[in-house]
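Pasting the structures here.
You will see chain A twice below: alongside chain B first, and alongside chain C after that.
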Partner chain A sequence: MQRLVLARLLQAGLVVLVVGILCFVLVRALPGDPAMRIAAGRYGPDANITEAAEQVRRELGLDQPLLVQLGTSLGQLARLDLGHSVVTGLPITKELRIQLGATLWLSGSALVLSLLLGPPIGLLAGLRRGGWVDNASLGGAIVLRSLPPFVLGLLLILIFAMLLGLFPPAGYGTWRDLALPALTLALGLAAVSSRVARDAVAAVVRTPYLAFARLKGLPEPVVVRRHVLRNAAIPVVSYLALQAIYLIEGVVVVETLFGIPGIGHALVHAVIARDVPMVQGTALAMGLLFVVIAAAVDLTCHWLDPRPKRI
Partner chain B sequence: MEPPVSRKFVAIAIAMLAMSGMAAAKPLKVVGPWEIAGIDPAQSGFVFSRMQVAETLVSVDTDGKLTAGLATSWSTSEDGLAWRFRLRDGARFHDDSPVTAAVVADTLRKVQGGAGVFSQVPVAGIEPDGQDVVIRLSKPFAALPAYLVNFTTIILAPSSVGSSGKVERIVGSGPYRVKSLTPPLNMQLEVAPAWAGAKPGVAEVDYQAVGQGETRALMAESGEADLVFSMLPVSVERLKRNPNLDVRIATIPRTRMLKVNAASPLFSDVRVRRAISAALDREGTTRVILRNADLAATQLFPKALAGWNDPELPPLKRDLAAAKALLAEAGWTPGADGILQKDGKPFSFTLLTYASWPELPPIATAIQAQLKQVGIDAKVSVGNSSEIPARHKDGTLEMGLVSRLYSIVPDAIGTLRDDYKAGGSDWGATGWSSDELNALVETMAQTSDPAARAPMQKRAIAILQSELPSIPVTWSELAIVANKRVTGLRVDPLEVNYGLASIRWAQ
Partner chain C sequence: MSIADATLVPIARHSWLTPSRAAGLALLGLLALFALLGPLLVSVDPTEQDFAASLTPPGSDYLLGADHYGRSMLARLAYGAQLSFGMALLTVATAALPGILLGLLAAWRGGLLERALELVSAVLLALPGLLLVLILLAFAPGTFGPLYLGLALTLWIEFYRVTRVTAAGVLKQPHVEATRLLGFKTGYILRNLVLPEIRPILITLAAFAMSTAIIAISTLSAISVGLRPPTPELGAMIVELLPYYAEAPLHVLMPGILIFLLVLGLQLATRSDLR
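Take a look at the complex of A and B:
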């Protein structure tokens, strides 16, 4: 278990280094004059930005050679100083605290909701393979997973916010505001995790030890609770780490649609405005989030199945 | 014995009072498209001045006439070089410090050195004098008060500035003060106790920035928002049919136009520019994309800019035959594929635009199709808004579709002076200037008498209409949607002040 934690710490360090270099290189490689872009990000599309751009260039040292700028940027990162946003002027840590908070609430609720929806349906489907629950959930999963989050979100707004008036269509502040965006992401996640759970449960149902448990005369709920759940949980939990990718990608779209001031929304604006510290900060936050989720999944799998892994 | 007033009645009365108290304390939910990126007045000052958190020295009424802001009156010396602004008695900032001439002078001096529009005024010095602020100019400039309406000149308390010398919080002098600010999307306001004027009708305001136009429409329809600014044209019809909503539409002084590089061999001939203007189908474009054919621009300035729109000027209109004739006169002949050519080179260029305003890319695509009909091949490129000033600077811009705001300073002379000076500007002319126009503009800048200005304005507009360094395409509207729960909304076409303090809950 110590090896697991050590491996993830090493991965985190690598993420910081790679993200730091890549962000700088990629943003600088984008076309257009960065000073002009930053000025447009600060003052909007109505302002005269040519003079402002010259001030920005001087202020940020954008006329220095690229290697010098990369060195300064990496040096700051090594000192764990994320710097200030070149557009808003606020420290990156302060911006991230607000935005990461919003994104964590959103993704956390989406994950919890998806765990309440997906695996239970998968369990029922897997216990009776080929039954109506199995076929219906397959159809539902295909439809929900193939709809992009943007379309799904709009459909949910139309049904729950406009027709039924239960939840607000956009905004961030109360749990009611989070309901629809979390549901949008949760449905996509649940679609796949229900199929993974279904396959895992179906595999367990075919094992000899389960047949024996039933032959022994154990009631079905006891069989499920004692034998099926823990064995089927391992693939589902390991798949959660991969689902984090869907979450991170979906969060960008959902935040823009529902007006949530999260990391995804901030990243999009930062790239357009060539705000390198902000791009770096948000990419680091997302990368490290992924590492944390992977580490948590590793530990949970280890707890579920403590048998040493065969090399 | 029965108590004189039954206990049940008292309980119900208290409950009703509490509920009505709660209803009055319910915040007014305002939704708009502007995000609060950074707290610097030069960047997001317009949000604070529109929401009446901070004030400028001068303000405007809904007809565009200058009215009192923090300054109740102003006057100029005989030679026009010294302006005196008298500050309002008893004005205090939200931290209870008084609004003194010294604080105002300090703020304005800082703004003068920045990159906002106020730096274009020929200021020689700004000094406090008792309760007056005296601004000395290096040459007469009649439009000075109009420049003091711009949001970059909002007056903030000294406690707004942190140790780094930058603005760290907004401590203004308006009827509302900031209760909490979560950039970039949320701001909560409450009535400022330091406000000595008429008490605002609504005690708390919650502003939410929602960038997607469709989402704003949904928030208006579902009743989640009480006041929503800036609707997309396609949503307006649907919202008008909703019995709970009150849709107000105001024509705003914003023109969408083609910024032409008149130094390029393609566009240096004025006949070519007139031909392009005659090839545009402005009515069709505005009817379909903006849902209002009245927005077809017949000249550069819309009617909302009093004095700058000349009703007698022959309007720009579509005439394909005339367009083709003008192009032929300029030496362009159709090639084998229908595209015009001259000296073996085809009439082909890139039309640059940006998506910050969602209607610009569709309008650019429509223009591309319309120009094709006279044999001009335009390629549409949608980029970032900063690319147009960047290409203007290095001279590689061919043509851009831009949206130009003429109310940055309420007197259009401000924008005109900058846009068409020698060398042009980010959003004005490229490769074109007219000595006559520049002389007229300079004289107008020093003339305050409207009767003396009128013939000069007419002549200036006529020059722009004839030379077409910027080819006007459409004018603009602003749609504001209020739930019938609120009353007292007034729409400011110059978008300087949204009048939140005069909004009340409908009984």
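Take a look at the complex of A and C:
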């Protein structure tokens, strides 16, 4: 338990370190003088720009050795001082606080939707291996996994928004706007989790303890509820840690596609505009969100199966 | 049938070529032919514009129609398939070679090298791969370099880990020890005893890595941080044609179908379970 938490804390530290160092290099690698660029961003490119740049250089310590500068910028990160966006001029933390809501809504509803779709289908498929549910869900999973999220999203827009007119194709605000992007992510996630659930259920069904539960006369619903569900849930939940990668990557793509003002959307636009503080802040937020999801999955696994793991 | 007879009957070997593998390989073969021969046979330049033919439907002069600038869809799809295949192959080769070599080295020598490699992979895996690629793309948006570097950096780890674990298992076995005691050299043991054991799983991994690369490149191009429009990249083509969906729905779907078939072929060709 403590080891699990410690490992994820270590990972969070690595996220900060990797993003911080990459963005530090990025600022220095961009053409031109960083002090000049920041001065131009702050005061506008007027006649006194050279003096302003000198002032900025001294103020931000840009004349110090690179290693000292790296230490300073990592120290700022540790104090959650993310700086200001070069494009809007607002503090990054303020922008992130606004965007975080949209991202959490999207990823949360996608995760819940995928859990409502995937594991129940997997349960039905695993209880009757080779039945029509099994075959149909296998075919569906293969097709869904062959579609990149943005193609799947476009198809859903074309079918549900253009053809049927059920949901708006883009936008943010009501649950109707969230339906298609959440469904895009949920289908991709459910394609994998339904198969994992199916294999787990099929494995449990073959065990001696399940045969015994049936032989002692337990009705089938009780067998499923008491013996199948929790045992089969372990692999499904632990697989969610891997699926968190798909979820985070998918959120970036889907937010951009559907125009949801979340962190992923901001990250892509910051990359296009080369707004380095914003790239750093959004990448950090997405990376840490990934660690939080993975940690939650770890703890759920520990709750489901408290036997200590041998690693 | 007595027991003696039963032992003489050869065990029914699982055929390697399952129907899904055969279908996947056939699909991949056709797509590879299209990607290799298409640009040679279709002598049209994929960037040549002909505004009189803007959004021509499939059939007539243009076999698969022409896009909004009147560029031949067939030529663009063929070049796009070649680009996707080529970039994915290059990326996976760059990831697989160091991954496998370092995995073998770590399994063989262990010690400090193994620890260092574990640390490097832990650092690279801390972030989801796409985030790493996106940060690298901020260095030079719209170019293949950071895309290639970022994907290779995330993909080599899986090759390294699987090779290390599998090879370490093989190296512990008595027949390897016997071979070593008989005086066979390291190279012989790795080539003849270790490699055959890890080859099947590496092929699966390579196919998986290729579909990851194809999806990532097309996705990033579609959200306009990957390759930029005049390049016939499949993801960029979809987004470029999207505003004309009302007039030419088929044109929008064609590059999407091509990506779908590429990934589907890779998935089917390496499906391991029979069901």
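Here are some notes:
The rule is short, and it goes like this: the second predicted complex is superposed on the first by the 260 of 311 C-alpha atoms of A that agree within 3 Å, B and C clash if a C-alpha of one lies under 4 Å from a C-alpha of the other, contacts with A are read in each partner's own complex, and residues count from 1 in each chain.
We take it that a contact is a pair of C-beta atoms (placed from the backbone, for glycine too) under 8 Å apart; a residue touches a chain by one contact, two chains touch by 3 or more.
Please read all numbers here as calculations on a predicted model, not as lab measurements.
When both complexes are overlaid on chain A, the residue A:136 reaches neither chain B nor chain C. Of the two partner chains placed around the shared chain by superposition, neither chain B nor chain C is touched by A:66. Looking at the shared chain after the overlay, A:14 reaches chain C, while chain B stays out of its contact range. When the two complexes are overlaid on their common chain A, residue A:283 makes contact with chain C while staying clear of chain B. Contacts of A:162 after superposition on the shared chain: both chain B and chain C are touched.
Judged by the touch definition given at the top, the superposed model places A:1 against neither chain B nor chain C.
In the overlay built on the shared chain, the residue A:249 is in contact with chain C alone; chain B does not reach it. Legend: residue contacts after superposition of the two complexes on their common chain; A:116 is shown touching neither chain B nor chain C. Of the two partner chains placed around the shared chain by superposition, chain B and chain C are both touched by A:257. Comparing the two complexes, residues 154, 162, 256-257, 272 of chain A contact chain B in one case and chain C in the other.
Contact residues of chain C toward chain A in the complex are 122-124, 126-132, 134-139, 141, 211, 215, 218-219, 222-225, 235, 238, 242, 245, 249, 252, 256, 259-261, 263-264, 267-268, 275. Residues of chain A that touch chain B in their complex: 32-33, 36-37, 39-46, 48-53, 55, 85, 87-90, 95, 98, 154, 157, 161-162, 165, 168-173, 256-261, 269, 272. Across the complex, chain B meets chain A through its residues 35, 37-40, 42-43, 115, 166, 182-186, 208-212, 214-216, 218-219, 221-224, 354, 356-357, 383-387, 389-390, 392-393, 403-405, 408, 418, 425-427.
By the touch criterion stated above, chain A contacts chain C in their complex at residues 11, 14-15, 17-19, 22-23, 26, 29-30, 129-130, 134, 138, 142-143, 145-151, 154-155, 158, 162, 244-245, 248-249, 252-253, 256-257, 267-268, 270-272, 274, 276, 279, 283, 286-287, 290-291.
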